[in-house]
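Presented sequentially are two complexes of chain A, the first with chain B as partner and the second with chain C.
For the complex of A and B:
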């Protein structure tokens, strides 16, 4: 380490540009977020009305649409945690077997994650279309014409339809992480177990699963944080509709701000939602401290 | 003796054959799982491309993947009338500047964290990285208010201020990840290299520029790659900042086009193809680095 005397202001010189940006676009907005949450403000007028914690009381106890949107995000998260991640793990195991074509599979499975949510949303908007969508065309072809509907406009199917798009776009993340995890498990462990007569299920249950637990934790946390904050995909497909059926917390915050022009209230919704997500992040840090 | 040998060889061959057979059966099971998923990953893109070559009428009736008449003119129309040319150039410019900004500022900061100890360095490092772990979902509301006060929101006049309003917060947003990847990399570069350069009379900046940066090229590449992916796909900030089409990047432009011309599907599809071509090419060429960067970032963090 260089002596702390001779370096003087040099480290600050190196850090200055990053710190100026951090102060301007992270620290100050964070301060404004907390401050504005105590006001009722339409975003335009020069006067803001101080309302104390009234926004917090309203969000927590009276905002049924907000909590409904929270529940809907939880529903998508639940599907993603189970179906999406189970699929990701299975596919990772398959590709890890070095079956012929494995590298092509790996390339294709990570294609949806590199596309933008807007592009993915707009493609699927068209796939799900009630009149001209390919999804209904396939159903008709299969003799299931009675099932056809406008998938994103039907209150019964809209939320699950959105969840399917989200999972389609997201499973590649879990896939590459599980694959990276599997590749760190030494082949000798499996060999030894095979010599001892352990069958495939036993090897999976007692070697693969335990050694993948750190990866499970990371993938689960990333799935939870990513899915709970789903936003652009909703804007590109349903815009929260029909009714409130596909609203999620971030669309609520967004509409509080640009729809009803309640800037203070939008900040409060953001903080309340952020505090809930914070507990998830803290759990992650705790898990990781334990595993290292 | 000879006969015995050939018999065991035959036995080996038979068991080998059986093993191969079992292996192929096992493979078959995995292919049954993988093939439909892989097809589902490609099909929407292929279909998007095929729809982009159809006409307003055939796109609603003709479900074939290879249209009988390919209307490549749709691309010219999307580029000019659909304004996707402008959106494309804007995206290119924003992504370029954001990547340059993130890579250079993150490298400077990571070098400071790696090589100097100074008052509050540990705390500052943790504070910067915590923004990666702790989500602040309402921050875009406050950012919008603040950008508005700074005059960095598009109000229908002036081009450079709103462009800055779009670029600077993104550079700031990319810094923690950049520092997080670069600092451990700098830590691993032996200090003797710098010491000897200093003995030769090189200043701190010269050492940084001529020795550290070239050595850190692989890590800088990862940061540049992942930053360019997220900058190219950015949407929310673009929605908040821009109101004029001539300033919008692709993601914002796509949604604007979708909202204004709900039925012009071939042109929308052409616009989407235009928007994904660069990113798909970068992905196909650099996929190993991208995937390694992502898994390293997530699993180390």
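For the complex of A and C:
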């Protein structure tokens, strides 16, 4: 048997391609990003002005709009974690029963996630339109004309309206994962419970839910990461408006880069935001380890 | 050779062979077609693709030099592409720059833009004299300038534009107004809101989700009511945004909101949507640029409309935001810079400009080609003397302040903030940016 010392550089040689790719596409960009965050730079000039941690101080202590955008992303995430995933689970349970045409439903429910966010945004922009939108037309038909409004331009409804589009577009991912999780639960467990007199709610609570916890954790992590980084949908529907009502961290980073040409500051916002997401992911993973 | 050594040699050989294709990918020439390499031109004007391609074909027939137009939309995606290309020295021979004067200055200082002063001055300034002065000025730096850019012209305008109010003549008549005499006062303008609503029409549309169009509207009134000097003094920091004149400008938006003239959801309305609503005859007024003539024509050739400046508020001439519409810049790092200049000279000569005017319904940057324009364009061209452009000011406003100002106006429009509150917020951002700039200057001096 060869000792690890005896293998010489061979293990490193096998690791080299992966390491080179990882360094090229992750480590070096991250290093450049961190370095740029310490400078005032417009993204074009050949000279950058070193500002130390000033950008970090500004983002963390003075940038109220950035933190507001963070709060708004949290609001959408909260809705997605609850309503979107609840809908995904319910539909997965329904389709998991041997219903006629189940494969059609599977395809239908997975359609929204594969559509372009821009296309989805434009379609829903028309639906929500305050002047000639379908949603308002339906409300009027139902005698609820007083409720009509420009849903995406009203500060009271804009963020929730965007969140609904996001949830409609995103529930298909959770649906597929929950369905896969449900299909791994042995049927014998349910049969045994039935023999013992367990009703449907009891079986759901004591068999389905516990065995789906790992899936819940993965779906939650993906929902949090996916929703916190929502971007194209916002640009296609509200462009962050009205005012700052639908701004999220990624739109702030984008506008810092291309709107105000502050690349260094945008990099700082990106790092601060990235660190928060990393912390959330680590907490989730810890929770997953405990629960499994 | 030991077996271990043989394995190492084999693995190394496989890796080396596998990496060869990767290494050689970057060495290949783009476009393997035979013949001379085309001059590459980047721009965001995808609506003019056919006209540009036709001109490229004509240029090749006349000179033998092929030209390839590569158009990318939407404009913010294009802006990203140009920034990324500049950072990697991958800009094409000719390209457009989106942004403010400071962005152009950065491109110039980084060596990405060729000065055109020498080319403009050749033949007793023939090229310069052929083009509208105001359009050239938008891409020129005077001496001295706050950006430390060498004075001179850097960009070539291919058209000129301004932004005004389009009015649907049929709808005005439907509302009982004279279609040949649109509202000339602010009060009369606002008064259209109520009857329009009663008739199920939208009063006023514009792409005010895109903050720059709000900015044009506000800047027009700021310059109209307080004059260029006071606006420039505000940018310099000598006048506060809480000054009564600025409050008055912001109050106009509150009046617009209360009049019922604005279309529902105007604050999240993109300009494309606003153009559709006006072209479909659903809106009485649209605040839009010269390019709207082409857009409306393609959407609804039967649309009957007129064009007017924004209604006056005080006894001073009304102004309109405008100047160069689209401009091209020559990449200073391109080995074919002189060919690029020759192409731009050809492109802005009268016959090509005439063709572009006919094909794309824009006001040409060439004076001679602008002599005989269709009526809709002529209305815009007549007001070119009234154009103003913040890029021509000796001082520029900080982009964070502009953002706070435009977002603040959106907040007024949705009834969330008062003009006074917005003015204070903008002033707070101004002070913060002023402090930041002072700290940077101090640090720069120490370095």
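Just so it is clear, the second predicted complex is superposed on the first by the 254 of 292 C-alpha atoms of A that agree within 3 Å, B and C clash if a C-alpha of one lies under 4 Å from a C-alpha of the other, contacts with A are read in each partner's own complex, and residues count from 1 in each chain.
Operating definition for what follows: a residue touches a chain if its C-beta (ideal position, glycine included) is under 8 Å from a C-beta of that chain, and two chains touch if they have at least 3 such contacts.
Bear in mind that the values here come from a model prediction, so they are computed numbers and not experimental data.
Asks: Determine, under the contact definition given at the top, whether A:150 touches first (chain B), second (chain C), both, or neither.
Replies: After superposing on A, A:150 lies in contact with chain C but is clear of chain B.
Asks: Among the partners chain B and chain C, which is in contact with a greater number of residues of chain A?
Replies: Ranking chain B and chain C by residues of chain A touched puts B first.
Asks: For A:285, is the partner it touches chain B (first), chain C (second), both, or none of the two (neither)?
Replies: So A:285 only meets chain B here.
Asks: Identify the partner contact of A:40: answer first if only chain B is touched, second if only chain C is, both if each is, neither if none is.
Replies: Touch partner of A:40: chain C, not chain B.
Asks: Would you check which partner chain A:261 touches, where first means chain B only, second means chain C only, and both and neither mean what they say?
Replies: second
Asks: Just chain B (first), just chain C (second), both, or neither: which does A:158 touch?
Replies: second
Asks: For A:242 in the superposed arrangement: first (chain B), second (chain C), both or neither?
Replies: The second partner, chain C, only.
Asks: Touch check for A:253: first (chain B), second (chain C), both, or neither?
Replies: After superposition on chain A, A:253 lies in contact with chain B alone.
Asks: Quick one: classify A:17 as touching chain B (first), chain C (second), both or neither.
Replies: Touch partners of A:17: chain B and chain C.
Asks: Check whether A:49 is in contact with chain B, with chain C, with both or with neither, and answer first, second, both or neither.
Replies: Touch partner of A:49: chain C, not chain B.
Asks: Across the two complexes, what residues of chain A are contacted by chain B and by chain C?
Replies: In the superposed arrangement, which is not itself an observed complex, chain A uses residues 10, 14, 17, 43, 125, 131-132, 257 for both chain B and chain C.
Asks: Would you tell me which residues of chain C are touching chain A in their complex?
Replies: Residue positions touching the partner: 4, 7-8, 11-12, 15, 18, 76, 79-80, 83, 86-87, 99, 102-103, 106-107, 109-112, 202, 209-210, 263-270, 273, 277, 282, 399-400, 403, 407-408, 410-411, 413-414, 416-417, 432, 436, 439-440, 443-444, 447.
Asks: Given the complex with chain C, which residues does chain A contribute to the contact?
Replies: For this pair, the touching residues of chain A are 8, 10, 13-14, 16-17, 40, 42-46, 49-51, 54, 58, 62, 125, 129-132, 149-150, 152-155, 158, 237-239, 241-244, 255, 257-262.
Asks: Any idea which chain A residues touch chain B in the complex?
Replies: 1-2, 4, 7, 10-12, 14-15, 17-19, 21-22, 24-26, 28-30, 32-33, 36, 43, 87, 90-91, 94-95, 97, 99-101, 104-112, 114-119, 122-127, 131-132, 134, 137, 168, 173, 176-177, 180-181, 214-215, 218, 222, 225, 229, 231-232, 235-236, 249-250, 253-254, 257, 263, 266-271, 273-274, 277-278, 281, 284-285, 288
Asks: Using the touch definition up top, name the residues of chain B that touch chain A in the complex.
Replies: For this pair, the touching residues of chain B are 26-27, 30-31, 33-34, 37-38, 40-42, 44-45, 47-48, 51, 59-60, 63, 105-106, 108-109, 111-113, 115-118, 121, 124, 128, 131, 133-146, 148, 168-169, 171-173, 175, 179, 204, 208, 229, 232-233, 235-236, 239, 251, 254-255, 258, 265, 268, 272, 275-276, 279-280, 283-284, 287, 290-291, 294-295, 298-299, 301.
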